[in-house]
Amino acid sequence: MASKEEIAAFIAAEFPQTKCIVEKVGDGGATVWHPVGHDELRPGGTVSGPVLMSIADVALYVALLGEIGMVPMAVTTNLTANFLRKPAGDRSIVGVCKLIKVGKSLVVGEVYLYSEGSTDAVAHVVGTYAIPPRQG
Amino acid sequence: MASKEEIAAFIAAEFPQTKCIVEKVGDGGATVWHPVGHDELRPGGTVSGPVLMSIADVALYVALLGEIGMVPMAVTTNLTANFLRKPAGDRSIVGVCKLIKVGKSLVVGEVYLYSEGSTDAVAHVVGTYAIPPRQG
Amino acid sequence: MASKEEIAAFIAAEFPQTKCIVEKVGDGGATVWHPVGHDELRPGGTVSGPVLMSIADVALYVALLGEIGMVPMAVTTNLTANFLRKPAGDRSIVGVCKLIKVGKSLVVGEVYLYSEGSTDAVAHVVGTYAIPPRQG
Amino acid sequence: MASKEEIAAFIAAEFPQTKCIVEKVGDGGATVWHPVGHDELRPGGTVSGPVLMSIADVALYVALLGEIGMVPMAVTTNLTANFLRKPAGDRSIVGVCKLIKVGKSLVVGEVYLYSEGSTDAVAHVVGTYAIPPRQG
């Protein structure tokens, strides 16, 4: 319902700190890409957990916007992350979101996060966004 | 088992990006404090969810270190956050962690996050850290 | 807003399979008690995880009813359980719920589950109930 | 590593109360089937949340056994369920598990639960099993 360009502009306004690039959106899902550099690393050269969760949070919002259109006041109500493998310190993170429920008031989706080029997920996130009631 | 000063130095090294200040540690818990400024805010003047999760993650690690001593390779395996209320955009965040299990390989704790000065939590987090096996 | 007796009758109707006894309700929380016998045990004499989650689910509902009155169509939307210690096979389970958010549409609470007589929790659960909109 | 028949016998011994039938196992996943009758229903003719979580728990264990062989003492450490839609009261529940990490000490998987014949999931579960260290 909203184009990739509209959504990218919207995300840049809503999450001014994010470095996420919207790669793909539609069909009940989204793919985002996030560079990894000094700001994202912990000692040992691994991407920090909160960075992974923030990428998942953006991927979910992008997928949601792609499905139901621009909803500025949607808020995350619940997010569960499982950290699976140590991410590479020298590769970007790719987040692939699939929505699993698009309700009137709640949207639930899951996100697999990968070090670019790998097919083993570094983390898995399930999150819920609450959609504000639409005024008539 | 470790002093507040030792832990603060350790956290500064392990999480070089964090702005968290260790306020209290011991008795199976910890309290951390995090300033809120431009970097932490989303439009509407509210603290972003990933910032809250990162504070909870640090509070858990601080509590863990206070309980079992310096464990450099502990990693978060699971983190569940419930976002409860809109945080104030002009107040710091305080994270209060209580450990609920300190096992040999897994440590579980919960963290209540507050806008400073309020007693209504803005978020609640439960997280698990895996402790690497000790070499003999 | 609802008495312990009203709530006990309501729970018996809503969860006809539960063996939970309502012990206490009010002040934003509730305590329930559940016997442990053959039906609840796994080999090795431990209470199964799903039994623990079902007790937590009831404790949350009881606390919610105590806070906002009889709401027949409330449904669990999210539940996260951490299993902490092996429950005793010969002791009842006690579930102690504290609500952490009572909103118009979502109620969030946490539940500590204990083997009766012990102060070390066997499991910790955080759950969310969605409240149906009230008709005017 | 273990056949469907071996696993079915094992599950019957480990979870004596379960009504789950193992339909498929292998390739890092499993499918289980659970009948729905009076014991599983709540008023309004819907399957209770704890029943759904118990099916997911079994599906995870089945997938785990299929991957790493018979491990009698594996225990669930964490389970997060999102309830998405009202299950039909007159249809069986099918649980489809996919493992997302098979580590030496932790196994993580996700389970989609469906009312038989539907492709819209009624619930989604992510869970972690801890594997006991192998004696040499």
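A, B, C and D are the chain letters, set down in written order, and residue numbers restart from 1 in every chain.
Here is the rule we go by: a residue touches a chain if its C-beta (ideal position, glycine included) is under 8 Å from a C-beta of that chain, and two chains touch if they have at least 3 such contacts.
Bear in mind that the values here come from a model prediction, so they are computed numbers and not experimental data.
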{"item": "Most remote chain, CA-based centroid, reference being chain C", "value": "A"}
{"item": "Contact-richer chain pair [B-D vs A-B]", "value": "A-B"}
{"item": "Averaged-CA centre spacing for the pair chain C and chain B, given as whole angstrom", "value": "27"}
{"item": "Chain centre separation in whole Å, for chain D relative to chain B (CA means)", "value": "32"}
{"item": "Euclidean distance of C-alpha centroids - chain A vs chain B, Å", "value": "22"}
{"item": "Residue numbers of chain B (touch at least two other chains)", "value": "77-78, 80, 82, 128"}
{"item": "Pairwise touch network: line, ring, star, complete, or other", "value": "complete"}
{"item": "Residues on chain D engaged by chain B in the complex (per definition of touch)", "value": "77-78, 80, 105-106, 128, 130"}
{"item": "Footprint of chain B on chain A - complex, ascending", "value": "13-17, 39, 42-44, 48-51, 53-54, 57, 73, 75-83, 86"}
{"item": "Chain C contact footprint on chain B (complex, rising order)", "value": "78, 80, 82, 84-85, 100-101, 108, 110, 112, 121, 124, 126, 128"}
